[in-house]
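Heads up, there are several structures right after this.
Note that chain A is present in both complexes that follow, paired respectively with chain B and with chain C.
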Partner chain A sequence: MDLIWQGLVRAFQLIIHGDPAMLRIAGLSLAVSISATLISLVLGITAGTAIGLTRFFGRRFLVSLINTGMGTPPVVVGLIVTILLWRSGPLGVLHLLYTPAAIVIAQCVISLPIITGFTMASVQQVDPKLRLQILALGASRMQLLWLLLRETRLPLLAAVMAGFGAVISEVGAAMMVGGNITGQTRVLTTAIVMETGKGDFALAIALGTILMALVYLVNLCLTIIQQRSRAR
Partner chain B sequence: MKFPVDSHREGKRRTDVFGKQRPRVALFRALPVILLLALTLGIAGCSSPNAPTPTLSLTPTVTPTPTSPKPANPEVILATTTSTADTGLLDALLPMFESKTGYKVKPIAVGSGQAMTLGERGEADVLLVHSPDAEVAFMQAGHGINRKLVMHNYFVIVGPATDPARIKGMTSAIDAFKKIAAAKAIFISRGDKSGTDAMEKGLWAQAGINPEGQSWYQVTGQGMGATLTITSEKQAYTLSDRGTYLKTKQNLGLTVLAEGDPILINVYHVIQVNPQKSTKINADGAKAFSDFIVDPATQKFISTFGVDQYGQAFFIPDAGKTEAELGTK
Partner chain C sequence: MNQDCMRAPCYVLEANGLSVTLGGQKVLEMPSLQVLPNEVLAVIGPNGSGKTTLLLSLALLLRPTTGTIFYRGEPVRNGSQLLRLRRQFAVVFQDSLLLSGTVWDNVTLGLRLRKVRGEEIIRRTQKWLDRFGIASLARRQAKTLSGGEAKRVSLARAFALQPEVLFLDEPFAALDGPTRQALTEDFDSVLRETKVTTVMVTHERNEALVLATRVAVIINGHIRDIGSPQEVFSNPADEEVASFVEAGNILHGVVTFQSDGLASVGIGAYQLDAVSDLTVGTHVAACLHFEDITLSVPSQQAPPSSARNHLTGKVAKIFPFGSQVRITVDCGLPLVALITRRSWEDLGLGMGQTVVCSFKASSIRLIPRR
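Moving on to the complex of A and B:
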């Protein structure tokens, strides 16, 4: 128990002193996860809306794949992305392995099915009559899409939270494709694994506390945005 | 259609005494966005790529000098063992190397087995490993060039102070292993094809015991630090390099029970991956690192590393010695 207390004290000290290494690690965690979530948002909302609003051959199969993708083990994603990014692999020429960009790629693969799946489900649950009504009022296709997305912004923000939560707390893929390199690709989760391995549990708990605080702050912001729209 | 409740709310909002409702609402609405931006920019701003790379541990860091030379291909991938990372040696040495040569090292801390597999595939440029038998095979297969002695320390057999197998003070590692097996005391194995794992498997073979599948023989598949923690929790025995044990012992309920057997020597070599394997291998960077680690100044640093905090050095430098002097391969 005293270790948890020591860890909390240590977390407090690291934050108060603005420890440069901690800031760097926490900053990279945030930057990488937010970039990955944003990229997944653009791709996922587009794909999710398209799949949610259209009917085509093989749609059910595709939806089942996306739903399975929501539960893909990050470590499998990490392994496959590593092999693709190897110097001898198909994407080796890009020299991305063991860089923050590699972590962003892996995290996009992890969060894309989550955001696509959520978008698809929320677009589909909008009453089809509403679509007819909007079109009847003379809206263009783009206006229709925009209004539908506005209508589903509550579940969409839930999608953002789920996607962001999945990637910032993810460790297996970040460790494999990033390599946990000091000052380059060390993020909060991989640093926690490393400090636990070294037996420095207090520092591991301190970093864990900082990670949870960051996740809370980001989700608090998203929740304010989400719930504000409901109050009106 | 608007419900009365809504219009009431709207009405209430607009009848503010000071007439400052709109800007305040706008600010409140923008607050989460501002917070998010501040959080990202504020923290990310602290991590500009040009900043020196500090470490969370108390190891010394060297700020790169602006006069660093600029190599054509600055990225060097170093595949190494968990022990060099867990002791903090890499965190101390790499900034020195980077500021001296201008190379940027990506150290991948894995077991020696995996490090050599990465080298074999051409996915690493230079290796710092401690698994002599596997290294000799690696060299004979033509995967590496210029294998050089770097440093050594000794493996120790650690276990609980209660010592149920009664091996305390034994100087023969093989006899100690025989007693652990006879007592069926729990032994934790790395099982990850690391240098430590290879040494442990070799000791069991020399003791004429096959521990695989025995209930007292448990395999973690993890690095040395994690394996020591598990061993401590289970009050079991394990084989560890002395450096990682010294670094982590303050958190462990384990003591050194058997040490000093000459066969427990733990030798680290640096190997440059054969550049003929692939044009993508950074041969110049690998050579620069190999030269750096056997450089007298680096070797002197290794000889004192750990003394200030742990009373003894983690590693004994060996550059320039012959294998015969150390009694190894």
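Moving on to the complex of A and C:
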């Protein structure tokens, strides 16, 4: 019990004093995961809308791939991205391995199928008759897409939450492609793994608390938006 | 009217050689159909007859498998022309299909998509909100409206576009009786006022009778009859049309005697007189409107009449609705008569009672059967 108590006290002190090392770690975590989520949103909403609204050969296969992608273990993603970015690998010339950019790439690979899958499911839920009605009101193709996405904004917020939640909390890929380098690629999850390994439970608990608080805050914001637009 | 219209009759819409195949099945086949300026064309037919497919094709929302649609003489092709033409139309579906946002947002939506701005958008929206009696709902969330209110919003949304052609797909089907009644009346007066060219699909015969200037009956993807409501309802083209427009009793028989336009038709054990030129031996469907049958009780003195046909039977079913009563009489063949509630009470009819069904030879319409 003492261990947990000490950890909590230490965490409180670190947060109150705004420990620079800790702030850098938390800041990088947020920056990397938000970037990855935003990139996945742009790509995933586009892909999910296209797949959800059209019929083409091989669509079912593609959907099954996306569904599998939603459950891919981050370590597998980490492995694949590491190989791709390895010095002698296909993208080795970019020298991205062990940089925050590498973590963003890996996290994009993790969240992209999640956001694509959620988008696909939510645009498919829209009554096909509503699509006809929007066209009948004189919408161009782009206007139709915009209105459909507007109608599905509640499930899309769920997609954002799920995508962000998955990447901020994953550790395997960040560790493998980032390398947990102090001051460069150390993020909250990799730092927690390291501190726990070293037996510095107090710091690990402090970082864990901060991670939980971040996840909670982001989801709180999204929940408020979601509930407000539901009431409207 | 432009020059083309001076030479040929000017159609707002014309379909030529139209057919639609869905899932390997031909659901619509329409060699030719015209929509005339300012008419209200009601397309009626049983469920699954292809009415909605026809409407979607004409509204340029469904690409026909074959055939061409002309809008004011101009053949419709794909591409940017499609969007331009769709913006001349408005469509109201059975479901109100409102989007999230307020009533105001919904009614202005089509105008905003057309980039109508400023005063104009306010003026038109306000006008149609007022006209459909929903001005007080303007700030309400569209998804919180009742079915009748939502329907009014979708109608206002369509009329605010000032469409060249208005399409309606069973617009009042999902509403309850009184709401439907009130809305149909409002809608009728708006149609008369605006004189907008309208194509409406319905399976409600009454709606067609009240609103339409022309009725097309579509069965199994084919137009089987088209004409004024009067023509179609009182003089259906064939037996299937008759059974759909519910011309009344339909009895099968054979012409057994013909003399100077008065035919005798053998139906079951009966010989009925009918005004018809059909020759002896022709198999016919005899159509007899429910309200053309007069009922009398044998014990009472029947008023003198020119009715040539009298069938005696027993009352098998009594179904009162509104001010009328529908009585099924078993005369060896079932005959349905529609009489007023007052006559029913005067006659004192009960189940199993013997009655005489009388009708004129001119009340029977004979349709040759294939």
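Quick note on the criterion: the second predicted complex is superposed on the first by the 232 of 232 C-alpha atoms of A that agree within 3 Å, B and C clash if a C-alpha of one lies under 4 Å from a C-alpha of the other, contacts with A are read in each partner's own complex, and residues count from 1 in each chain.
Quick note on the criterion: contacts are C-beta pairs under 8 Å (C-beta built on N, C-alpha and C of every residue); 3 or more make two chains touch, one makes a residue touch a chain.
It should be emphasised that the depicted structure is a prediction, and the values quoted were computed from it without experimental measurement.
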| item | value |
| --- | --- |
| Chain B versus chain C as contact partner of A:54, first or second or both or neither | neither |
| Which superposed partner A:191 touches (first chain B, second chain C, both, neither) | first |
| First, second, both or neither for A:147, with chain B first and chain C second | second |
| Partner chain(s) touched by A:22 [first = chain B, second = chain C, both, neither] | first |
| Contacts of A:203 with chain B and chain C, given as first, second, both or neither | first |
| Common interface positions of chain A, toward chain B and toward chain C | none |
| Complex contact set, residues of chain B against chain A | 29, 31-33, 35-36, 39-40, 43-47, 51, 53-56, 75, 77, 82, 85-86, 90-91, 94, 106-109, 121-123, 222-223, 225-226, 228-229, 247-248, 250-252, 278, 280 |
| Touching residues on chain A, where the partner in the complex is chain B | 18-28, 30-31, 34, 86-88, 92, 95, 98, 179-184, 191, 194-201, 203, 214, 217-218, 220-222, 224-225, 228 |
| Chain C contact footprint on chain A (complex, rising order) | 127, 129-130, 132-140, 143, 147, 150-151, 229, 232 |
| Sites on chain C touched by chain A in the complex | 56, 59, 61, 83, 86-87, 89-91, 93, 95, 97, 99-101, 109-110, 113-114, 141, 157, 161, 167 |
